[in-house]
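Dropping the structures in below, format is structure tokens.
Shared between the two complexes below is subunit A, which has subunit B as its partner in the first and subunit C in the second.
Then we have the complex of A and B:
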């Protein structure tokens, strides 16, 4: 029977299936951040220990400061306490802790690939929405929440097998079009609920042409369509990315691993429950206008007009978003003035993203406060070795320390009430970047362009 | 939640659309960020950012009616706790998987998967709902809609007032109302 990439990895990790049709899956790597203190408390109260501590990584990312490198820099005692609780749990249970000062630290979805944990054929689980990022390496990467204690205690998790969806992006990306524009275009077409109960495989020439960094940007936002996971079939770029990383197969095992990895593609006659095809040539720089990532439009477009929406409920929802975002129907998106810019998050804080943003900012000045936060210590070192940080600083940006930062605003980096932020993150929900904050999602070059002009801008006019 | 859980409710329909978010929709993300679990506070702000009139005027016994994929987004308790604190019923065309788990755990009086309601209930309609049998009488339109209610084993969680009370009842632990 023909199988998809997803089927192959799933079957390899399936232990048993129960009467209700749920499968017990083995977890190769389990990554998690600070907000897991309650799960460890349950574990302790129930008298369980961690089953496979060597396969767990606790990573400080959500609450870490972006303006300093030590615990003393955290904004308050509460946040310091949340970070140190993770460190304490690491000591108690014997798993690896990547805390402040650790050269491997970063946002967990960057750390997995950087350390070679995410590699073709493995299952990576994180207690976080954006775990699908790591599927870009040809792995299965799920976010888990309520099942975390079970996962700690057994290194397994019960899952219902999702349906299979393929999103094919054919053709060739145009000038100034990034991976973020590709995923925002997919989101606009599929919708916020369009991939519910499905796992997505991204395919087509545009995806094949992307670097691994760029594929991670695409997979990252799978959850915003309701998908359980997002993957890209591994290829030579993937193998080259994994090669030599700390948890990559040992040199003597490399050929065996590679032979296996080459089998990890969807069979040509595999059956898809849902298929979406997008012409890559049509994709342009995108921005979001509303409170859901699916609300994305070409930068050349106008703010939508509720009166044009035939469905009464959707018309009402649209009006509520416009009210919250303080936008007038029919105004050009390029006339929206912004108050600040954030370049970072697990969507767009890899070296590729920083290079793209720096190329736009090079020799120019920002006119609004702009925070640039590399996603990991590794990215930060690489960016500084290339001199990117100097370009950002000379342009007037703040160059921060790695972490989730202003994407989720748990570490004190917030957008003030009523303020408008051009952001490279993944969620423009009400209040996401702070109470009353207004978020427009876009690519790193588009955010850089907005920083220079002070309004939403078509970056193609600046490059 | 102490006392008995009512199997039926008569009240006004408050209608919401598809893909309503948990964080940033049902509940302000700030409540999650700052770790607020007080039902009085959560109930007061339930769905406020989407409909201030709901947060101001809805009364216990009223019924939230939504489209597809209700409660999408992050797996946080503040949203379901807010709905419960409000004392309202909940009927959805469909509910996100993560929110469904939280809603059962919180013991929400609900019909979470009711595709039959699509296009048959308007905002402001007077409803008489039997959550146990799945029967919805739309008094405004003088129409009855039969839906699939929660199965017995899940209704047990609702009847107990949520997972913690269910556990306390079953195993006699001291958990009691700790979750409430």
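Then we have the complex of A and C:
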């Protein structure tokens, strides 16, 4: 029977399947952030212990400060406490802790690939919805929320096998079009609920042509369509990326691993429950206008008009979003003035993203407060070695310390009520960047362009 | 976990699609330990309360007819967005024992079932009818029967719902899934031996000493 990449990894990790159709899957690596304190409480209160501590990694990212490198820099005791709780749990249960000061630290979805934990064929799970990011390495990566205690105690998780969907992006990307524009275009087409209970494989020439960093941007937002996971089949770029990383196969194992990895592609006659094809040539720079990532449009478009929407429920949702975002139907998107810019998050804080943003900002000045936060210590070191930080600082940006920062605003970086932020993160939900905050999602170059002009801008006019 | 078999109670109709977990519990409340039974105030916090913490009178949850509700009836894609345990705990602490919707965010769905909340998937027609009845007679009760997988309203309409079979068993018996899995420990160990036999390159790393 022909199998997809997803099937192959799934089968390799299936321990058993029960009468209700759930499969017990083995987890290779389990990554998680500070927000897991409650799960450890449950573990302790209910009398369970961690089964395989060597396969667990606790990473401080959500509550870590952007303006300092030590615990003392955390904005208050409550945050400090949450961070130290993770450290305490690491000591208690014997797993690795990547805390403040650790040169490997960063947003967990960057750390997995950087450490070589995310590699073809493995199952990586995180207690976070954006785990799908790591599927870009040909791994099966999904977020588990409520199953975390179960995963700690058993190193397994019960899952119903999702349906399978292939998203093919053919052709070639145009000038000034980034991976973020590709995924925002896919989202607009598939919809916020369009991939619920599906695992997505991204394929096609545009995806193949992308760097591993860019593929991670695409996979990252799979969850925004409701998908369980997003993957890209491994290829030479993937193998080169993994090679030499701390958890990559040792030199004596490399050939064996590689031979196995080369089998990890979907068979040509594999069957998909859903197929979506997008022409890469048609993709243009995108921005979102509403409170769902599916509300994305070409920067050249106008704010939509609810009266034109035939579905009553959608009309109502659209009106609510416009009210919240304080936008008038029919106004050009390029006339929307912004108050601040955030360049960062697990969607867009890798070196590739920072290079793209820096190329636009080079020699120019920002007119609104702009926060640039590299996703990991490793990205930060690389960016500083290339001098990108100097470009940002000279343009008037703040150059922050690695972490989730303003993507979710748990570390003290927030967008004030009523303020409008051009953000490279993945969610524009109401209040996501702080109560009353208004978020427009876009790519790093588009966010950089907005920082220079103070309004949503087609970056192609600046490059 | 408290078993769930059948319950009749007040239901709140929320006629909106894509209710995300940031609306259910804004991220800023996630700093507090969430499984302490105290997250009821965070449940739909920004919908229910104004900037000064006062209850918004025009919010559906503020209406006397809906006080003490045990069910919520949503629309499409209920609980989408961040994987946030607090989203489920806040429902539970507020008193919600079943969420009825046409579809759910995946992670939220699973989290409900693992924490004693029935997540019932019904047809779009059923949602429309339930919203109609609940709005026509505010505060009227629904009966959720987990054994027979039905939701009945005060107008006598009976809708069947879909629920995951494994979760249904756990909910009915009030059993934890960890206990069930730990009974399979020998299978897991046997799997690991087999698996690492072929994945030698992973085995080296798994067997390292953790500093």
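One rule holds in what follows: the second predicted complex is superposed on the first by the 463 of 463 C-alpha atoms of A that agree within 3 Å, B and C clash if a C-alpha of one lies under 4 Å from a C-alpha of the other, contacts with A are read in each partner's own complex, and residues count from 1 in each chain.
Just so it is clear, a contact is a pair of C-beta atoms (placed from the backbone, for glycine too) under 8 Å apart; a residue touches a chain by one contact, two chains touch by 3 or more.
Keep in mind that what you see is a predicted model, and the values were worked out from it rather than measured.
Chemist: Check subunit A with both subunit B and subunit C modelled on it and let me know: fit or clash.
Modeler: In the arrangement built by aligning on subunit A, the partners subunit C and subunit B clash.
Chemist: Which partner does A:154 contact after superposing on A: first (subunit B), second (subunit C), both, neither?
Modeler: After superposition on chain A, A:154 lies in contact with subunit C alone.
Chemist: May I ask you to decide whether A:96 touches subunit B, subunit C, both, or neither, giving the answer as first, second, both or neither?
Modeler: A:96: touches subunit C, not subunit B.
Chemist: Of the two partner chains, subunit B (first) and subunit C (second), which one does A:410 touch, if any: first, second, both, or neither?
Modeler: Both: A:410 reaches subunit B and subunit C.
Chemist: Touching A:20 in the superposition: subunit B (first), subunit C (second), both, neither?
Modeler: second
Chemist: Thinking of the overlay built on chain A, is A:429 touched by subunit B (first), by subunit C (second), by both, or by neither?
Modeler: In the superposition, A:429 touches subunit B and subunit C alike.
Chemist: More residues of subunit A in touch with subunit C or with subunit B?
Modeler: More residues of subunit A are touched by C.
Chemist: Who does A:441 touch here: subunit B (first), subunit C (second), both, or neither?
Modeler: neither
Chemist: Under the stated touch criterion, which partner chain does A:9 make contact with: subunit B (first), subunit C (second), both, or neither?
Modeler: neither
Chemist: After the superposition on A, what does A:54 contact: first (subunit B), second (subunit C), both or neither?
Modeler: The answer is second: A:54 touches subunit C but not subunit B.
Chemist: With the two structures laid over each other on chain A, which partner does A:324 touch: subunit B (first), subunit C (second), both, or neither?
Modeler: The first partner, subunit B, only.
Chemist: Residues on subunit A in contact with subunit B in one complex and with subunit C in the other?
Modeler: On subunit A, the overlap between the subunit B and subunit C contacts is residues 129, 145-146, 192-193, 196-197, 226, 292, 313-314, 316-317, 409-410, 427, 429-432, 434-435.
Chemist: Note which residues of subunit C are touching subunit A in the complex, please.
Modeler: So the residues of subunit C in touch with subunit A come to 15-18, 20, 22-23, 26-28, 30-31, 33-35, 46, 51, 75-77, 80-85, 88, 103-108, 110-111, 114-115, 164-169, 176-178, 181-182, 184, 187-188, 191-192, 195, 199-202, 204-208, 210-211.
Chemist: Considering the complex alone, what residue numbers of subunit A touch subunit C?
Modeler: My answer: residues 12-13, 15-16, 18-22, 24, 26, 28, 35, 37-39, 41-42, 46, 48, 52-55, 63, 78-79, 82, 94-96, 122, 127-129, 143-147, 149-150, 153-156, 158, 160, 192-193, 196-197, 226, 228, 247, 249-250, 253-254, 256-257, 260, 292, 313-314, 316-317, 408-410, 417, 427, 429-432, 434-435.
Chemist: Can you list the subunit A residues touching subunit B in their complex?
Modeler: Per the touch definition, subunit A meets subunit B at residues 129, 145-146, 191-193, 196-197, 226, 291-292, 313-314, 316-317, 320, 324, 409-410, 427, 429-432, 434-435.
Chemist: Provide the residue numbers of subunit B that touch subunit A in the complex, in ascending order.
Modeler: 15-19, 21, 23-25, 28-30, 33, 49-51, 67-69, 72-75, 96-98, 101-102
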